[in-house]
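Chain naming follows the written order as A, B, C and D, and within any one chain the residues start at number 1.
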Amino acid sequence: MIIVMCPNSTEEHLRKVEQKIERAGLSYHLSKGESRTIVGVIGDKKVIAELEMNSLEGVEKTVRITEKYKLVSREFQPEDTVVDVRGVKIGGGHLAVMAGPCAVESMEQLREAAAAVKKGGAQFLRGGAFKPRTSPYDFQGLAEEGLQMLQQVGQEYDLRVVTEIVDVNDVDMISQYADVLQVGARNMQNFRLLQAVGRSKRPVLLKRGLSATISEWLNAAEYIVSAGNENVILCERGIRTYETFTRNTLDLSAVAAVKELSHLPVVVDPSHGTGRWQMVRPMARAAIAAGADGLMIEVHPHPEVALSDGDQSLTPQHFELVMHEVKNIARAMERA
Amino acid sequence: MIIVMCPNSTEEHLRKVEQKIERAGLSYHLSKGESRTIVGVIGDKKVIAELEMNSLEGVEKTVRITEKYKLVSREFQPEDTVVDVRGVKIGGGHLAVMAGPCAVESMEQLREAAAAVKKGGAQFLRGGAFKPRTSPYDFQGLAEEGLQMLQQVGQEYDLRVVTEIVDVNDVDMISQYADVLQVGARNMQNFRLLQAVGRSKRPVLLKRGLSATISEWLNAAEYIVSAGNENVILCERGIRTYETFTRNTLDLSAVAAVKELSHLPVVVDPSHGTGRWQMVRPMARAAIAAGADGLMIEVHPHPEVALSDGDQSLTPQHFELVMHEVKNIARAMERA
Amino acid sequence: MIIVMCPNSTEEHLRKVEQKIERAGLSYHLSKGESRTIVGVIGDKKVIAELEMNSLEGVEKTVRITEKYKLVSREFQPEDTVVDVRGVKIGGGHLAVMAGPCAVESMEQLREAAAAVKKGGAQFLRGGAFKPRTSPYDFQGLAEEGLQMLQQVGQEYDLRVVTEIVDVNDVDMISQYADVLQVGARNMQNFRLLQAVGRSKRPVLLKRGLSATISEWLNAAEYIVSAGNENVILCERGIRTYETFTRNTLDLSAVAAVKELSHLPVVVDPSHGTGRWQMVRPMARAAIAAGADGLMIEVHPHPEVALSDGDQSLTPQHFELVMHEVKNIARAMERA
Amino acid sequence: MIIVMCPNSTEEHLRKVEQKIERAGLSYHLSKGESRTIVGVIGDKKVIAELEMNSLEGVEKTVRITEKYKLVSREFQPEDTVVDVRGVKIGGGHLAVMAGPCAVESMEQLREAAAAVKKGGAQFLRGGAFKPRTSPYDFQGLAEEGLQMLQQVGQEYDLRVVTEIVDVNDVDMISQYADVLQVGARNMQNFRLLQAVGRSKRPVLLKRGLSATISEWLNAAEYIVSAGNENVILCERGIRTYETFTRNTLDLSAVAAVKELSHLPVVVDPSHGTGRWQMVRPMARAAIAAGADGLMIEVHPHPEVALSDGDQSLTPQHFELVMHEVKNIARAMERA
């Protein structure tokens, strides 16, 4: 941590700063410049992480040098994490594709979607049984009945199942049916939920919050890993900006950033990331070109009758086209 | 809902749109303009709320005309809601002030803070026992022990107690100690938590999410009210923008907006809203001038040793000054 | 400037960093912590301002400690600047109000507006003759004819005239008619225009850019002052955020920030800041309570027929009400 | 335009709305729903574009259905525009690459950069002679001397020259030296500059503003085209968001959006778009995969001594690597 003293701070102010640092068991270096005195704090990273200095008189500002997360950082583990979901690998150069309807509606719908998903070459069936919806009056999902359908159809088509968890009390129940527990964007900083899935061994797909910084996202992942679960897959799904043409702004530079800062695999959801089915195709290609380890895509056999997010769902025909192009890009990058 | 057809859409496209509307039990008006055909959907608001039309061919875009929330809207209830917390009123022209430390640390700290809070004229003691922190390594709060302290000190100083709830399983437990359950910004769309506090009768302080629109915030309140709890107090606490000088951008126009759209009382938290103690004073004045029903302010007897958010906490001396000025503003607006 | 070295940087990397600093005529302090080596650069602020170190190998990031602007900083000049516009003062506790139509349309419109503006107690008549409009097909203003009207009506009602300049070649021409040259939000970083008005002696009202940071805004002011014109008035007019209920998000904390960082006066434009006439009243009160030196408000005798921005214009009746309340707030803060 | 009446609006309010529409020479359709009456305005698009209805009593809000731009829309011209720059084509499936230093510093620097640019396969040499810099104390460019160097080196290496224009008075002068006039992000809504380059025939590269919506960007292009210059190339260069890890957030979905809405070619600048040289490579690949017509990349022979933006400049070696990968992606998409 760097502490910048005010230009008019006194020797007494500086002494109090030094004392607080020493009381915390840390040491420091002083650097007296032309216009500012700067104090560099040295010592245990975790102790520094908790140090707060701005409220001391004479302090202009503080600058944190290191991130608080550790276990998820590439500094801690240089080689890529590869998450194994019953034999299907995510990370390390593999191309993982998760596809399916936003919400599970019926066996018929799910089977049609799964057939398309399988045919396109995806390895995962995604579908929501518990839907976090902005309004209490929107369709909230089929709950456990939906999970049973997912498991059944997943087995029929040999697809791994990804589904969202929204309640800390549901970890064991959902784990009976699903292979991957998805923590949605709205729950990225629901720390109790992060701890709960962290105590499980089930792989977790952690979506980036609507306006989460990359640092906050990795700290959220740290909650899961530090609770004991190393099987975390990050998922970029668009951030909130001033632009209204798209539902969110898909931040593909976050893929490159995460690859630099962390060893965790990262997939991209161009369906939520844009909110427009027409844009899923170019953004899916771009995601893979940016280095993403996979994709999460909404596919619905009949988007025009979907109970939620039909606007951003692909038809089976469009999905096949996307998969064809995505594989071409992956091949051009020397990945299968 | 307004459906805008593409300029090159066909009669067949239009027929499919009309059929889908009719199948949903709704009716429509057609308006054929020079460059676009527009379809206005008419009928039950809740049915329209669930209608999705963008995935139909020939549809350029849809525009929603009405909000999904109802019970919290001023259209539904024109007169202001006044929440009564054991005799202390929030809303309807009363000036409610909630103050205290970010986190409960010890009886000594809490008593000193409560004395200052009481002296300044606040009616509520705020303090966190369960802290949602960005990093798993930050101080997480004293848990139930902290709640006991809050209750005890609240009684000693005749202050109502406001504290944060982060777990759906904690409603009954926290309700034993606290008068108002606070739902934090990071949990504003933790819908399970909203439903849980909605089943309670305890007043709920609902903070605006870090990047929540006013519409999403009111829909979150609708979750609570529609579950049976009408005692909701909104709290503006700053939104996330590109500006980095302040921790958040305090959006005081949200106060005016909420007053226009809803009957619920709204308070402002200038401490989190700015993240800088120097700015609490002008922003507290401005909040009241904008029409807020009250304030939530961090006060710590010794901010320089605070375990969390010391940077934005006022000393008792500064708090007194703020209260003096805020009361002057309230008086100028003909409020006590 | 602080340079943070990568955890895996070598002695060779560090030597190159040191050499580059020395070649620039600067010196440095080294601070070797547990996880990072940090280099604090010391020396001439302007030389440091131009130093770029991120492209050197082994450098993780750099942190700038001081701002680049100087003349507009409170550090350079502790006492408030008071701008005198032919006897009317802006800054230093005075309450300056600028009001009038968005665009000058006719003598009749302008006279009616000026009468209302004067009656309400404003000292400045504002009106646009050159309008920067998003679309080339929108009304672009009456140009010099509009300026003549402004001057004429300003004289009739003893009001100072504020009008926008959009072309570097117009400084002399507009200065014949107007007392204050307004640089609009879209031109805040039109540096040629800033230099042009900086070479004039005419007071300049510098609006904050749509997504300008406070630092960029003050640097823009520095362009004007460093070119020789000290008469700069800042104007907060709302920033661009994800919220769509209001046209912009009025950032009143920017008022407090500017007061802390700079000696320049700052006024607030709640009309553009919200884009909704209903919100001008509460936001005008809040602006003054936050410490603003004045207001800029759109007033149109007949907003329903206005050629631009009628949505955010007050009627004369509403303007009087706003002025009454604003003066009450100013009085409560012990200002006339 | 759709006008939504308040739930409590009267027949009188509605009549005034109807009258204003009729006075403007437009007609309307009425749609009376359960909770709202909606008025659809029909008639000449340009007249509707200027209609303002929000200030009428009883009006809740208005929704614009069509964009104001016309000439740049795909609706107006379905086939792609291909801009020809002395034989080099931009748009229509061609891959155009513009590369070079942020600022022209010397003949030596420029020649080294041009050699690398040419070797990598780019067709355009970019370099700034007039630099719009945030602070008046930053390096402002070599002015006309820099232009002469650009022209000279461009001829030596058979590269077309792209350079930024910042002053309305410079069109003729710069056109003597450069093939493409670049309008920078900070000047995207400097409408006088847009009109000035619109009166030229020289191709214009129009960068997206720091926080410009796609609609505003296309309206800015409309200014140029409607002034007579059809040779407009759009350039996405990152938008301003809350994320601080990158300098800007590169919005690749804007590429797909522009391809849908407009016939103009669009290139991507991953150097400014990320501000970090390490991210240029993945983002350049992603841009082409998203469908961009080309790239603008900063290349400096010695980034560590660059006078501006060294942090985001590639070395010649890195540039070659990027070009190799980008061509692979283009090939995978069946483009040369």
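Brief remarks on what is shown
Quick note on the criterion: a contact is a pair of C-beta atoms (placed from the backbone, for glycine too) under 8 Å apart; a residue touches a chain by one contact, two chains touch by 3 or more.
For clarity, every value in this text was computed on a predicted model and none was experimentally measured.
Most remote from chain C, judged by the distance between CA-atom centroids, is A. Chain centres here are Cα means. That of chain A falls 25 Å from that of chain B. Centre-to-centre, using mean CA coordinates, chain A is 30 Å away from chain D.
The geometric centre of chain B is 38 Å away from that of chain D, both derived from CA atoms.
In chain D, the positions touching at least two other chains are 211, 240-242, 244.
Arrangement of the chains shown, judged by which pairs touch: all-to-all, with no pair of chains left without contact. On the chain B side of its complex with chain A, the touching residues are 16, 20, 46, 49-50, 52, 54-56, 68-69, 132-139, 166-169, 186-187, 189-192, 210-211, 216, 219, 222-223, 226-227, 240, 276-277, 303-304, 306-311, 313. Across the complex, chain C meets chain A through its residues 2, 4, 7, 29-36, 38, 40-45, 63, 65-66, 75, 211, 240-242, 244.
Touching chain C in their complex are the following residues of chain B: 211, 213-215, 239, 241-246, 249-257, 259-260, 273-274, 278-279, 282-283, 285-291, 325, 328-329, 331-333.
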